[in-house]
Amino acid sequence: MLTILFDGIAYGMLLFVLACGLAVTLGLMNFVNLAHGAFAMAGGYITAVLMNRMGVPFLATLPLAFIGPAILGLVLERTLYKRLYTRSHLDQVLFSIGLVFMAVAAIDYSFGSQQQLIQLPTWLQGRIDILGVQVGLYRSFIIVICGALVVALQLILTKTRFGSRLRAAVDDPRVARGLGINVSLIFATTFAFGSGLAGLGGALGAEILGLDPTFPLKFMIYFLIVVTVGGTTSITGPFLASLLLGIADVAGKYYVPSVGAFVIYTLMIVVLVLRPQGLFERAR
Amino acid sequence: MTIALETKGLVKRFGGLQATDNVSFQLQQGARHALIGPNGAGKTTFINLLTGVIKPTAGQIFLEGQDITGLRPELRVQRGLARTFQINQLFPAMTPLETIGLAVSERTGGGRDWWRVTGSRREIIDEIVEIAQRFRLTDVLDEKTSNLAYGKQRLLEIAVAFACRPRVLLLDEPAAGVPEAERHELLATVAALPRDVSVLLIEHDMDLVFSFADRITVMVNGALFTEGTVEEVSTDPRVRAVYLGESVDE
Amino acid sequence: MSTNIADYVSATLTRRGRWGVGEILFWLIAAATLYFLPERHLILNEIAIIGLFAISLDLILGYAGIVSLGHAAFFGLGAYTAGILARNGIADPLLGLGAAAITAAILGFVTSFLVLRGSDLTKLMVTLGVALVLGEIANQASWLTGGADGLQGVTMGPILGLFEFDIFGTTAYAYSLTVTFLLFIVARRIVVSPYGLSLRSIRDNPLKARAVGIPVNRRLIAIYTLAAAYAGVAGALLAQTTQFVSLDVLAFHRSADVMLVLVIGGVGYLYGGLIGAIVFKVLQDVISAWTPQYWQFWIGLILVIIVLAGRERLTERVRTLWKGVAGRTAKSPDTLPKTSAREV
Amino acid sequence: QEAVKIGLILPMTGPFASTGRQIEAAAKLYMQQQGDTVAGRKIQLILKDDTGVADVTKRLAQELIVNDKIAVMAGFGLTPLALAPAPLATQAKVPQVVMAAATATITEASPFIVRTSFTLPQATVPMAEWAAENGIKKVVTLVSDYGPGIDAEKAFTGAFTAKGGQVENLRVPLANPDFSPFLQKVADAKPDALFVFVPSGIGAQFMKQFVERGLDKSGIKLIGPGDVTDDDILNGMGDVALGAITTQHYSAAHDSPENKAFVEAFKKANPNMRPNFMAVGGYDGMHLIYEGLKKTGGQGGQALIDAMKGMSWTSPRGPVSIDPQTRDIIQNIYVRKVERRDGELYNVEFATIPNVKDPVKAAKFN
Amino acid sequence: MSDLLTLQKVSAGYGEAIVIANIDLHLKPGEALAVLGRNGTGKTTLLNTIIGVTRHRGGSIVLDGRDLTTARSDRRAHAGIGWVPQERNIFKSLTVEENLTAVSRPGPWNVNRVYDMFPRLKERRTNMGNQLSGGEQQMLAVARALVLNPKLLLLDEPTEGLAPIIIEELLAALTRIIRGEGMSAIVVEQHAQKILGVTDNALILDRGTIVHASSSRALIEDPAALEQHLGVTAKKKPMRAASH
């Protein structure tokens, strides 16, 4: 029982790690960036390649898995994305899907279409017994990182002026500029940061979700579910949402395996019908 | 004479704030009635309650005797209750022509017509032209609404309300953004509506209010403060204190 | 004065209703391909079907502003309806179409209540969820749908008892093209009608739409149901012309592809779907023939370029071109304000 | 006279791309080794990507038949993709060589279908028998919830219970990021062995999580058809895969000169790929087509398919033949165990069940 | 003493449209200028052009010796311009307080001081931007411009939708700010009378060009000009229908 709960939480955290980058770009910047998964994939491949081809230790690859995609994101933002903030969501969808296709094919071309597998360091393998509950080490590791991320993000967004400036810039870029907010700078940093988070998520998720060129498409739906259910104005929203979804999914599959596949989708529909703005949207 | 619009013990709470505080209000048929009060007094909220944009916390609303408290907004409009918005609510991607045409054809039940081409009915054309001319929109009929100057958008806002041929018309600061010179003419068009049409006007421009209204209600902190004729209200020292200030003359 | 204004008014209002030169040309060419491109009929058939599917999406997205990532739900339901009927001996294509339209419409009506509220993103995800759940159901109900192996033994009778489906896909293409054309005509009528106008107003500003007395929800439900029926027919066409149905008629990529197709061609003027279908399919066919492994890259690149080149402007051009002389689309003032309020 | 055209329709993009890649690579390799002329006629291979979508497969097949006038169509990565064009094969009398899809019934969909891969029951039933004979009493089956998975589940359950074993079934959604709930159920059931079938790509995740839960230590054997330990990615799985016991028709480690040559050539032509059971299916498929054409000199599909029936040869996987009755392949099934051989992980064969027919159809025919 | 703001031959518009043409304008520190004109004559466009959110089509803009002709609008704001857009454009997903803190810059005008000026805002400090009454939004827009501590205020119809008593206070405050703190201001207004009392000079726009420029006092004294350009005549008679 407790094990199921733990697995649920861990799975939820995993979802969050993957989705929080999107929670930033889509949620806070209101940019429909379906290419999120591509940045995640970039992070994953950075880790995989560094480990398998150059023998860099797992932990050491994580920062790079953040920085790499962040820089990539920054470059793309400055060159391409920035032209699209003012465009319709449809344009953004078209554009970012285009990027995804390119990324998929490019990765396929350079690394082949088969799975990329990584070997965790031994101290992250296996599981330990915490007061009767069998706890996977790696999953605990993910939980810890997630916790840290949430706290950090939440602080940045609420305790600094950055958060409110960002939301202002999103609400009305024209006027925000006219009132002295450097919109482009804010967007660029935010976007880079979001991409970085995506990359980190990819690196951490690869072990459990697997990593192949179709990654961005395969898991796009999951990212979106988390962000939508969580609501798009905060970080805590998606966080709680991932927990909820994770636990519901695991429990559902454990207790009623026959309908296991429905659980997550049905839950999403129900939530969104009852709370169209997302479960944890702050009241408007 | 009969009562066009009435509320009984109307209450609206926003969290802690009592935006509408137990308001029992009557709008006589054919009245030219003004609702004034400090900023944030709850005037717009009151209108939103009347038109069903937001649901009241308590109380009832009657339109010509019938309880419309639970009625959907569009149905209230179809029963002859039209309003303008304080902050323009328009169709940015449509043209003034389409906007007015829409309102007219909806009123004449054209909206369910999915086979005939829009504008193929002559009678609505004439009405559109009439309205467009009355509100000086003929020169921008085919521009994109989002590209109009604010003042023009303002006029369009009111023109649409007219196109609904309301029996009760609620105007939320219609003259905002309209140059001084044209405000009076604007209100003149309103005043010129048939006598059986009742008008409730919210306005902060006292020249307009005093010249337009035959009755004035003052609202403060969501509650009715006082009601009376222009003379009574404009000379009431308490009203001066909370709202009019010194510069306003009768 | 007021009379010539009146003429101007009715002219401008009925403008959208008139058939432009480009339009007529478009359909003539489409018909001509029946004779001139015999060896391409198979893909043309697919294009016609996707085109219809995209038109259906355009009805809700372009005109009512309901975004959907789950439109395949109706497409798939239509496909399975037609397929299952055919497998159980009811082989008449038109009957199949009708049935597909009805079942899809019913599902559309029921689910329409889910997409009335919420932001674009919410709608995207709800529709998506519906499609996914439906797909899962189809997977589980293998006794009816053949599950993951797909629905076999679909054999269609001749259309109207006259035209047998042939291996060259000519009948199929003629059939799909005709159906698409007829349904297009209807859609075109609808969008230029007052009802269509009210839809556009709802998309623009629902609050205001209510304030002019438009029963917003009813209008949306109506169009969503209609669009679902269209999608159902498209699905049925696919099932009947390929005589096979598999789970991926309900898959996510169906919904995504049709969205792409529509957006490429341009939203909100019906032809977008058709043009998009042609562009997308032809590109995919050509490029993937040239590099079966990496065609996605080039498609992606093209998408990106299309967007950066300003898709909206491009499609705006096409739009005007379509309407020929008749079509003058809303332009932003290119002169100083013509008259200030006073001079009217 | 103009070339003989072979239409090769595979999922080259999308989730099943790796299947396509393996087969394409093998087919190309075969042509490169055997030259591109047969019986004096040029062979032209036309590769098409069906993105794993059935109606596309059908359209492509149809186009290839009516426009390119192909003599044979081959490939077909998944069951529905193989079934969709079946009616065309019959209608146009074009042989359809199935190189991957593994649901038993496929060959019954058209008299022109012949298969060079395998059928799941064919690979699974021996597993059941081996398990029963090796002191395994209680088994939990865990399969991906789609055609092949359910096939495997049926086949194993049938054969194993027939031998007096005891089985509990679990099905996992095909798109399923996390196995933990199911593995937890397995842990609770405490079986002697866990029988697994998941599409090869997902196999790795499964292995890892299986070990992460410590199920291996709790003495649960991991058994199943070879997909979980797909040669292509086996090496990357690392020690978690060690000791997994599977039955299948091909292992890159199969000990025969033909195979050594094949594996070597394949690796040379495609660095960072290792041939797996898909590849060998493609390789043998091409061989079958070549030999068929040699016999018939390319006169007509009927002749070609007849020529293919009953054909037998030594494939890298060992001796194989085409069952004239069912047009399905008859081959040895090997019991293998994952071991480390000079630094790399391999499925090392340690027992052979010779000349296995597809049990499902075999049952029908007698 | 030198100009604070100088516009020379400035033309600007939106997209292809040129809305204002050849505008020349000089503003001294501590000077207040009223911009009048009918609907659609380009008043807003003029202000928008100074803050830099329209399409520049020629001419030069210099603030306090810095050429801002090509500068991004956030740079202009930093250079010392505080803007009150006509449609207020309150940031809807920020609270009243965040609306202020997000843009505020060090200087005499801090959040508390504007709260003293508009107590109503203080009461509503935790409301989201889209949960404010029209007038409250107007106050917030003005307050938001003030906490930028600009050298130059651009006010586009600042008294619109405010209660008379608030308008009195606002205008009084403006006068104090301008006279007392030497802040300059350009004010677009519909009520000529109201604003001309506060400003030093006035100009009238028609069809995107300046058709009248003089001192405010001169304009008040010149009803002909008012009548001609604005159609403002002496007070309207009551139009109340005589019936009942």
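To keep things simple, chains are lettered A, B, C, D and E as they appear, and every chain counts its residues starting from 1.
Keep in mind that, in the parts below, a contact is a pair of C-beta atoms (placed from the backbone, for glycine too) under 8 Å apart; a residue touches a chain by one contact, two chains touch by 3 or more.
All of these numbers come straight from a predicted model, not from anything done at the bench.
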Subunit C reached from subunit A - shortest hop count over touching chains: 1
Contact-graph distance - origin subunit B, target subunit D: 2
Reference subunit E; chain at largest CA-centroid distance: D
Pair joined by the larger number of C-beta contacts - A-D, B-E: B-E
Longest centre-to-centre distance from subunit A, chain (CA-based): B
Centre distance in Å when subunit A and subunit B are each reduced to the mean of their C-alpha atoms: 48
Centroid spacing, where centroids are CA-atom means, of subunit C and subunit D in whole angstrom: 39
Residues of subunit B whose C-beta touches two or more other chains: 147, 149, 151-152, 155, 182
Residues of subunit E touching at least two other chains: 14, 17, 38-41, 131, 231
Per-residue multi-chain contacts in subunit D, two or more chains: 13, 17, 21, 145, 173
In the complex with subunit C, residue positions of subunit D that touch it: 10, 12-13, 17, 21, 47-49, 52-55, 58-59, 62-63, 65-67, 79-80, 83-84, 86-88, 91-92, 103, 105, 109, 145-147, 150, 173-174
Complex contact set, residues of subunit E against subunit B: 14, 17, 37-41, 44, 86-87, 120, 124, 131-139, 157, 160-168, 190-193, 230-233, 235-241, 243-244
Of subunit B, residues touching subunit C in the complex: 51, 53, 72-75, 77-78, 82-83, 85, 89-95, 97-99, 101-103, 105-107, 110-120, 122, 125-126, 128-130, 132-133, 136, 138-144, 147, 149, 151-152, 155, 160, 163-164, 182
Subunit D residues touching subunit A - in the complex, by the definition given at the top: 13-15, 17-18, 20-21, 145, 170-173, 175-178, 180-182, 184-185, 201-202, 204-205, 208-209, 211-214, 232-233, 236-238, 272-273
Subunit A residues touching subunit C - in the complex, by the definition given at the top: 26, 32, 80, 83-84, 87-91, 93-95, 97-106, 108-109, 221, 224-225, 227-229, 232, 261-262, 265-266, 268-269, 272-273, 276-278
